[in-house]
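As structure tokens, here come the structures.
Each of the next two complexes has subunit A plus one other chain: subunit B in the first, subunit C in the second.
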Partner chain A sequence: MTILEAKRVGKQFAVKDSASLWKKKVFQALENVDLRLDSGRTVGVVGESGSGKSTLGEILGDLQHPSAGTVLYKGRDVRSLTKAEYRQFRRNVQYIFQNPKESMNPYFTVEKILTEPMQVLLDSYDAASARRRAAEMLGRVGLAESALGKYPSELSGGQCQRIAIARALLLSPEVIVCDECVSALDVSIQAQILNLLKDLQREFGTAYLFISHDIGVIHYMSDEIIVVNHGHVVEQGEGAAVIRAPKNDYTRTLIASAFFTREAARCGAL
Partner chain B sequence: MKQDAVLNIEGLTVRAASGDVLVRDVSLTLGAQECLGIAGESGSGKTVTAKSVLQLLPPDLRASARSLSVLGKDILSMTEPERRRFLGCEVGFVPQNTVAYLHPLIKVKRQLTDGYLCYHDTTKREALERAHGLLEQVGIRDASRVMESYPGELSGGMRQRVNIAMALMSDPKLIIADEPTTALDCVVQQQVVELFHSINTQRHVAIVMISHDLNLIRRYCHKVAVMYAGQVVETGDSQAVFTSPKHPYTKALLSVVPRVDQDPAARLSEIPGYVPETGRDTDECLFRPRCAECTQACSGAVRCLRGADRFVRCSKVCEEAGA
Partner chain C sequence: MKRKRSFSLTAGAVMVALIVAMCLVSFVWMPMDPEKMDTANRFALPGAQHLLGTDQFGRDVLSRIMEASRWALLVGVCSVTAGAAAGSAIGAAAAMLGGVLRSVIMRFIDGMMSFPGILLAMMLVTVLGKGILGSVLAIGIFMIPTFSRLVYSMVLENKQRLYVKAAQSYGCSRRRIVLHHMLPDMLPRLITQFSSSIGGAVLLESSLSFLGLGIQPPTPSWGMMLSEARQFVLSYPYIAVAPGVVLLITVLGFNLLGDGLNDRFVKRSSR
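Entry: the complex of A and B
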């Protein structure tokens, strides 16, 4: 089932013009992007910093309004949803940010961090069962129940990222936007988190929009890959097809950067 | 100790004021014109090791070593002014963070020449000409404009080139680069690493490159040292280490990175647990709680295999080798 759909979305920002103190110029961060997120599938977005991939994630999560095009939630424009429907949208589209510590209130305990979204977004909420579910979910993401009483500053980056995942999953969302959610982690922790996300997808049928600059990670996670460069989609297709037979030069550069030998990397890249 | 060694570290240990050990018993050797990669996850002590060579550690950290020599000269026995002059002239440093390292309010030309003028008896004009020439050599096309710019007017890749030019000003024999490409995009990353490669092969400067990117080290470095929890666990020729890793951590590290030539349906292997942050002041194996291959032989003090061109800190590998 299609949950989220982007139709020709674009985003412009007004930025300072270097030639003048008060004039602004238009910066096109994203142009004409079409994509569809079906349940149980992962769409990977890859590109370097400044290519517009985070903007795309933010538009789909309705953290930013597109300046062109529309985002459809189950076939309806997100802007036309009623207040009650929008609350459902907020619950069903969750976000995992790059820096887990900055996405949590440092004065909240893990218990408060995990139960607060349930309190706000679920229709029936009772504190005891919410706490029980939070404890269960912590076990599911590989943390002990004792973590509930801790503050984010007492936990490592990998542990915080697990809590961010638990927080998103507790609302049983239909879509999770993962914006560079493993980039700040070490490779050994990265592997744990990626496997966890894959297991949970199999279990709950969640759709992921997986944003990363690492082509290897994108290849491992995605059913469909979108390559963005300077706000344009330069290549879009089935994961294996994009990796095995890239049609665009920029995609080839990204793939070459993942190779072992200097020669292979050079032929592809420069 | 090899006579032609550019850098020789023996038994380096760094302690924090609180008594915690950050780096323990690190020994590294780098020959002339070689390129050494130091690999490891965050918190493994890569940067602390590099900074203790340059005597750039924060004041609450104390480094001690059996021997620490650069270009055959023991820098521990030098007086402070001697050491500053010697390291300032002979060793270049390229940082990870291109923004924090350059002063935002001083023009590039002054930042490039300041250190050089400090240690060399020369004129400002000569220094400026030298800086201009070096900027061109590191691939900046409009060097005159960049000289007159403030760091904020340059892109990340350009700033890193300025840093590299600055490191080359005194014609060093050794450059220490701390994650020089981590903050850069993949295309710029490629260009900067190629630049390091040409500095290494054409100017014959030895390079220590710290990186968490194993592919990068595999591609460009002759030798590699893998660090874990403040210790060197394996060193050797980089092709040999990467094609036939001996230490279980090196093996694990190579297998957890998702690769484009792997089938994505196959499950990625994991290293369970976390890097220990305390309790590093021990002779026992620090990787043991996470190790998939540990045996009875692994309890007690860890033994090291010291081959001609391979060092492995693992009791099990020692046992198998019959040492």
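Entry: the complex of A and C
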């Protein structure tokens, strides 16, 4: 089932023109992106930093408004949802951010971090059962229940990212936007987190929008790949096809550089 | 970790404690009735009978200072509380709303800030009426810009944090974001500002009373006592010295306390 759909979305920012006192220049962050997120599938967005891929992720979850095009949630324009429907949308579209530690309030304990979204978004909220579910979910992402009483500063980056994943999953969302969610982690922990995400997807049938600059990670995770460069989609297609037979030069460069890094690492040059 | 002992914090706390103690004692004991006139004993020198002497009507200066401390602290705390609450709400709203409304609110606040404090307070008292309520409201309104600018900038700073974006992504309302996610971070600076502002408020209240716009006789106030003593300052200087010194201790105490709290809690936690 199609949950989220972007139809020709674009985003412009007005930036100050250094040559003039009042004129503003238009910066095109994103142009004409179409994509569909179906349950149980992963769409990977790859591109270098500044290419507009995070903007795309934020537009899909209505954290930013597109300046062109529409975002459809189950076939309906997100902007036209009623208040109750919008709450459902918020619940069903969750985020895992790049820097797990910074995505959690340092003044909150893990328990509060995990239960707050439920408190805000679920109609039938009670503290005791929320705590129980949080503890269960911690086990599911490979952390001990004792973590509930800790603060983010007492946990490592990998542990924090597991908590961020738990926070997203606790709402049983239909879509999770993973915005560079493993980039801040060590390579060994990256693999653990990616596998965890894949297992959970199999279990819950969640759709992922997976945003990363690392084409290796994207290749590992995605059913469909979108390559963006300077706000333009340069290539879009089935994951294996894009990697095996890239049609665009930019995609080829990305793949080649990833291959180069891996080879160099193997030879001990890096 | 051993914290460096802060001189301002200790000195400020001692001074504030002194004034607060004086205020509390005044409820159970005062040397004399502060409003009782004794024309036979006008301008009595400080001594065993009157520790700080008597004024032009023979009223005991120490008793009057003690009673005035209640009003000074009451006006100081109430006005700053009101100003802080209103100012913080305005600042947070402006920062969270953005757009045209933000500019309108903040330019208005800037406009208020450009008035000298005593002038603004005098204008407000003229409109709101003399007396304690008038002073509280006037000083409270005077405190609004300070707090709204402070909270405005802190909310803008906090808005950049990733956890605020995360909170937004799971549906927290703007109100909830400010109260639950930003407030813990802002609290130390707000408390610091609160303490320093009380010093300013007490001084402003005394200025209004000095001009006859604040607390009205026969209720004593430090500013009024100074103003009355001014006429006799050449012949009987000691009547003016005592309320002046107490006012100095209060204002200095709250300012030092604010500085000390700032050193202790704000600078330490800023990463």
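Please note the rule applied: the second predicted complex is superposed on the first by the 257 of 270 C-alpha atoms of A that agree within 3 Å, B and C clash if a C-alpha of one lies under 4 Å from a C-alpha of the other, contacts with A are read in each partner's own complex, and residues count from 1 in each chain.
The rule is short, and it goes like this: a contact is a pair of C-beta atoms (placed from the backbone, for glycine too) under 8 Å apart; a residue touches a chain by one contact, two chains touch by 3 or more.
Model, not experiment: these values are computed from the prediction.
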item: Three-chain arrangement built on subunit A, subunit B and subunit C clash or fit; value: fit
item: Touching partner for A:I243 - first (subunit B), second (subunit C), both, neither; value: first
item: Partner chain(s) touched by A:M221 [first = subunit B, second = subunit C, both, neither]; value: first
item: Subunit B versus subunit C as contact partner of A:G158, first or second or both or neither; value: first
item: Partner chain in contact with A:E85 - subunit B first, subunit C second, else both or neither; value: neither
item: Of subunit C and subunit B, partner touching more subunit A residues; value: B
item: Contacts of A:L171 with subunit B and subunit C, given as first, second, both or neither; value: second
item: Centroid geometry (CA): angle subunit B/subunit A/subunit C, rounded to a multiple of 10 degrees; value: 90
item: Partner chain(s) touched by A:L194 [first = subunit B, second = subunit C, both, neither]; value: first
item: Nearest Cα pair across subunit B and subunit C, whole Å; value: 12
item: Of all residues in subunit B, those that touch subunit A in their complex; value: 41-42, 185-187, 189-191, 194, 197, 212, 215, 218-220, 242, 252-253, 256-260, 262, 264, 267-272, 274-275
item: Residues on subunit C engaged by subunit A in the complex (per definition of touch); value: 161-163, 165-172, 176, 180-181, 184-185
item: Complex contact set, residues of subunit A against subunit C; value: 61, 63, 87, 90-91, 93-95, 97-99, 102-107, 116-117, 120-121, 167, 171
item: Residue numbers on subunit A that touch subunit B, as the complex places them; value: 48-50, 156, 158-159, 186-192, 194-195, 198, 213-217, 219-222, 239-240, 243, 253-255, 257-262, 265-266, 269-270
